[in-house]
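Each of the next two complexes has chain A plus one more chain, namely chain B in the first and chain C in the second.
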Partner chain A sequence: MILNDVVWGVVGLLLTIMILSYLIGDNVFFRLAAHLFVGLTAGYMAVLIIRQILVPYLIQPLINGGWVERLWMIGPLALVILLLLSQLPRFTSLGRIPLAYLAGLTAAVVIGGAVFGTLIPQSRAIVEAFDPAVWQADPGQKWFRVLDAVVMLIGTVGVLSYFHFGRKLIPRGGQDAIKKPYPFEVLAGIGQVFIGIALGAVFAGVFSTALLALIDRILFINQIILRLMGAG
Partner chain B sequence: MKKVLVMVVVLTIGLTVLAGYLFRALLAPLLALLFDWGILLAGVAGLIGIGYLIHMNLSKLARREKGAFFSVVVIIAFVFTLVSGLVMTPQSPFFRDLILNVQIPVEASLLGILAVTLVYTSLRLVRSRGWTPMSIAFLASAILSLILNLVFINIPTDTPLSYLMMFIRRLPLIGVRGILLGMALGGLVVGLRVLLMIDRPYGE
Partner chain C sequence: MMSKLICPKCSAENSDQSTHCFECEASLAAVAPSDINNFNPSEVEEFDLMQESENDLPGLLSALKQNGDIDAIDDEADGAVEQSPAISQENSLPEQPGQEEQVPDWLNRIRQRASEEEDSVGEITQKISAAQKSLEDDKKAHQHQNFKSWLQNVRGLPPGQAGNPPPQQEDLGDKDAQSPEHDPDWLLRIRKVKGTDPEDEATEPVSISDQGGDSLLQWLVALEEGDEDSQDQLEDTSALELEDDQKTRQTRIVDRDQGSEVTRQVRTTQQTSSRVKPPELHVSREEQNQADQLSAVIGDERAPRPPREPEGKSSAWVIRLVVAVLLITGLSLSLFLGSGGGVPQGALQPHNVAALSWAEELEARSSLLLVFDYQSGFAEEISLVARPILQAVIQSESELSILSSTASGVVLSRQLLGDMAGADGLDIIDLGYFPVSVYGAFSMANRAIPQWRFKNLPELPNLVSGEGFDGALILSDRHDRARVWVEQLNALSPQMPIKLLVTSQAGPMLMPYWEAGQVTGMIAGITEAAGIEALQEDSSVIGNRWQAYRTGSIMLIVVMLIGAVFLVDQNPEDQEMESA
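Now for the complex of A and B:
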């Protein structure tokens, strides 16, 4: 076992124990490890942003680029300067332009992603499940596929009814007026069950992963201690 | 004047990117340029965020507030990592060891703690929210998923039981599909509200 491995092994061991000590309650060791992690991650992110974004997208074209490329960089350079200046209390309003740029870009990406990445493919999958050709593809599974398509449709509509995109109705005739219409209530009840099932399955997946991570850490502690004692 | 300029920026960028979904080949070079500028701005915004974190810790230290010692830890860890990353490359063995040997133990241990926390909260779920259709479905699905994920359950294929198992395994997908569609609808509404300037996340 070379010295480098020993040092990093001990660092890993100490950090693991410090973080796991949270299981007996919030304490100074856990906080120390957590703050160390925050500082290191912030530093790592800053390094990545500088080396992989600022240098190739701004600094290199300005230093090594030709005149045309440098001219093109006036736009982003101005936006960056406005964003940086907006951090000074006197120039706060200057930040609106770069932020408007980011807002417009993000909004368009979100709209495109929602429509072309989720709404169309997911809706198509629900509709295609009712294609008789799909049902006939494997005669042995016909009724299973019909049941699957029907449950999928009812469940999905139910989940959407549970979310119920809309504003509350203004109460006119007492308490009942702010309730959802009856069909929505029934569908939302069904949707609630399917959301519970989905979250339960997600919970089981996360729990299994977390349990594996806990076992891995315990094995790691055991392995490092054995190595330090010369038994591993 | 500034308001008009902001509106022009939002609409021009938003509509150009949306047009890019329909005329991809035609607008590809322009879109690449817009995205490069966006990435640059997001990077600078990220650096500003990190700057705020460090500024907050420095002020805590200057005011000698309770827990100022932890601010020292944050600042030292930040400066050490930043200087190492800038002096060396992120691919250098020391820098890689530094990141991996701190991040992996901390993240894996936090995930390990999550296992215990999840058991505790799931037990509290029924106590706090009672037996609702959602809590019953949640617990039943969680227990069933954990059992079904065990490797030793082996059912012969092409039997009614295997179809039933397949159907049960697909049940969570229905909820996930509904949640995905709901998120997409929500995203679509929020995006449209920003483009139509009903919501102004960049300030009034």
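Now for the complex of A and C:
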């Protein structure tokens, strides 16, 4: 068991160094590690899907299920076959049917989730922020709550205004023809500030996560070296 | 004596005072007046009617095709094309009385339809019948017994070019009768209008196309043999004419002597074609432009260029390497030589406190759902973030249902729980790999018809919508995937508390869900995890990492500032645009 850990540890160490070799530019070691990663991921995904999706939810019902269950499986099976046939140049057009089904289903799920799980609850949260009962819940932070609600409202309206792509009904000509109406121009400027802050926060998060990943790799390398030296 | 001006363009008659044709408005200034008395109007009509009949033929064939008769016609036509010149000649001759029984079925159907309908097709067919009848009566006439030779004569072609036997001498007289001097005036005018000169045609050498057979084949043979003379001659006619000559033509002619209009059906195969021309190459303007562009590109590619300089790439990787070595060195020093202190205390956010208090107050034997939705590269950060919450959950001896919505989540869940102290005695239900998009689809279906319970399908939708869980913990490295889980679970079971244990990069975009109350607790990133560890007065896990994290952050901020001030990479195109 210990030998097994050491062997895999060394393999992990070598792969880590090969990936880090990209610091000196694209090279064969980096490409080898990248190809290895892509190939392993694809193989692992294939095995995982076969074992955890296709076998329990498609193959077993077809083999062991009753006729009702088998009838239920005809649709998915037909879609699978059409998708496989689409890999042949002669039957490429058949792949549109399962892809259209997937696209429609995904769109329905995403739109439904976005509207009922994000848009409506978020809008309600902004409205409720102006509820005086919320302000009075903590008398010591009343003005902070009010300020928070106002900033939230201005930020929301400003960001939405930034994505307003209309223009003036009666432009005066020149550059004025492509400008938004004046209220939208002002709010869009405010929204731009909020968007910048949000993107900055996202970048800081990505930066932080990447730095932690690097720290983790340094710890891993140190651990493997210590183990190889017999000190770990 | 009445003079008329014959339009050279459309052959219409105009008065001698006209300056432009009343039909096509072509100029008549250069046209000499013609004596109308010497000009038989039926001749002009003959000329026009021939074209008219050709225009009517597609309509006739189209109508027959709709009735399913076209196949018979095609068969007949194909058979006619494949016939020998002798047969073609025979077909071109007027039918003999005894041959009436040999009339093909399609022609009988045409006649029958013509007798019933008075459309253009019927009119043509009636004229065909009338022509046949008239020809039988006129059989004894001395003119135009050989219709084909007469037709060639009309076109101003020498009989040898038809590929058929020469016309009978008794029909057309001696050879002198065929000379242009003996042709009638109207025929000369038509030839003049069409621009054909029988003398020129007669002097042309006999080409391979004159020898009968398939003209296309002859053309290819001529090309292969490199017969220059043949090719020169072939260039005089168009490819369209080649196709037309291979089809059966129907020509209406007018018998001058009888003064009656006579229609004959004439099969003119390619052998009757006088001239064959190779297909012309038509190049549109767009194609010409594309060819020009391609030529320009090729020329540009072949043009000599000065050797490109490396643009300082050698220094770029050195800078990168130096920065990376400095960063790794700094991180290593902080990790292994640091004191491990300095974890921020009192920096807990409300959503951190909510998550922690929920875990600590969890009732024993609670049923929880754990969603593993992160990649292996973020396993360390997720482990730091989830550790305090998972320790509290394990202590409550809750029943855990594990679900992976990423492929690596199956392995990472075992790794994370295996590292936890006391996790061996946990009651764990592994729901396996279950993509979040599939979960959304099942959730939607379950919501649409709650009575449905899918068999042999993932248990999760039924579990969530049925008895449900006492809480859900979502461990994710991406805000969009975590958001989908929040949306679906919140809509499916609004009362179920949802806690998020996410990375730093996912945290900011998920805060609105905490503000809206859709998420009842959240820990994001090492900063918040360090705050919880400080609250628990245990800095053994995060302590050194936190120091290294701070060191690395400062170093990278400095590097970014230096890069922004001194090493802004501007390519020459941007500089040109700015200068412009």
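Simple rule for what comes next: the second predicted complex is superposed on the first by the 223 of 232 C-alpha atoms of A that agree within 3 Å, B and C clash if a C-alpha of one lies under 4 Å from a C-alpha of the other, contacts with A are read in each partner's own complex, and residues count from 1 in each chain.
In this text, a residue touches a chain if its C-beta (ideal position, glycine included) is under 8 Å from a C-beta of that chain, and two chains touch if they have at least 3 such contacts.
Quantities reported herein were computed from a predicted structural model and do not represent experimental measurements.
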* Where does A:V206 make contact in the superposed view: on chain B (first), on chain C (second), on both, or on neither? -> both
* Asked: Does chain B (first) or chain C (second) touch A:G25, or do both, or does neither?
  -> second
* Once the shared chain is lined up, is A:G155 touching chain B (first), chain C (second), both, or neither of them? -> first
* Give one of first, second, both or neither to describe whether A:L219 is in contact with chain B, with chain C, with both, or with none. => second
* Asked: With the two structures laid over each other on chain A, which partner does A:Q60 touch: chain B (first), chain C (second), both, or neither?
  -> second
* **Touching partner for A:Q136 - first (chain B), second (chain C), both, neither** => neither
* Check the contacts made with chain A and report whether chain B or chain C touches more of its residues. => B
* Taking the superposition as given, does A:T118 touch the first partner, chain B, the second, chain C, both, or neither? -> both
* Which of chain B and chain C A:E69 touches, first, second, both or neither -> second
* Asked: Where on chain A do chain B and chain C both make contact?
  -> 20, 23, 41, 44-45, 48-49, 53, 57, 72, 105-106, 108-110, 112-114, 116-118, 122, 125, 152, 198, 201-202, 204-209, 211, 213-214, 216
* Hey, which residues of chain A end up touching chain C in the complex? -> 20, 23-25, 41, 44-45, 48-49, 52-53, 56-57, 60-61, 65, 69, 72, 105-106, 108-110, 112-114, 116-118, 121-122, 124-125, 152, 198, 201-202, 204-209, 211-216, 218-219, 222
* Structure fact -> Given the complex, residues on chain A that touch chain B span 4, 8, 11-13, 15-16, 19-20, 22-23, 31-51, 53-54, 57-58, 72, 75-76, 79-80, 83-84, 87, 93, 95-119, 122-123, 125-126, 140-141, 144, 147-148, 151-152, 155-160, 162-163, 165, 189, 191-211, 213-214, 216-217, 220
* chain A-facing residues of chain C, complex -> 317, 320-321, 324, 327-328, 331-332, 335-336, 377-378, 380-381, 384, 407, 410, 432-433, 437, 440-441, 444, 455-458, 477, 483-484, 486-488, 490-491, 503-509, 512-513, 515-518, 524-527, 545, 548-549, 552-553, 556
* In the complex, chain B residues that touch chain A -> 2, 5-7, 9-18, 21, 33-48, 50-51, 53-54, 67, 70-71, 73-82, 85-86, 89-90, 97-99, 101-106, 108-116, 118-119, 122, 132-146, 149, 158, 163, 166-167, 170-192, 194-195, 200-203
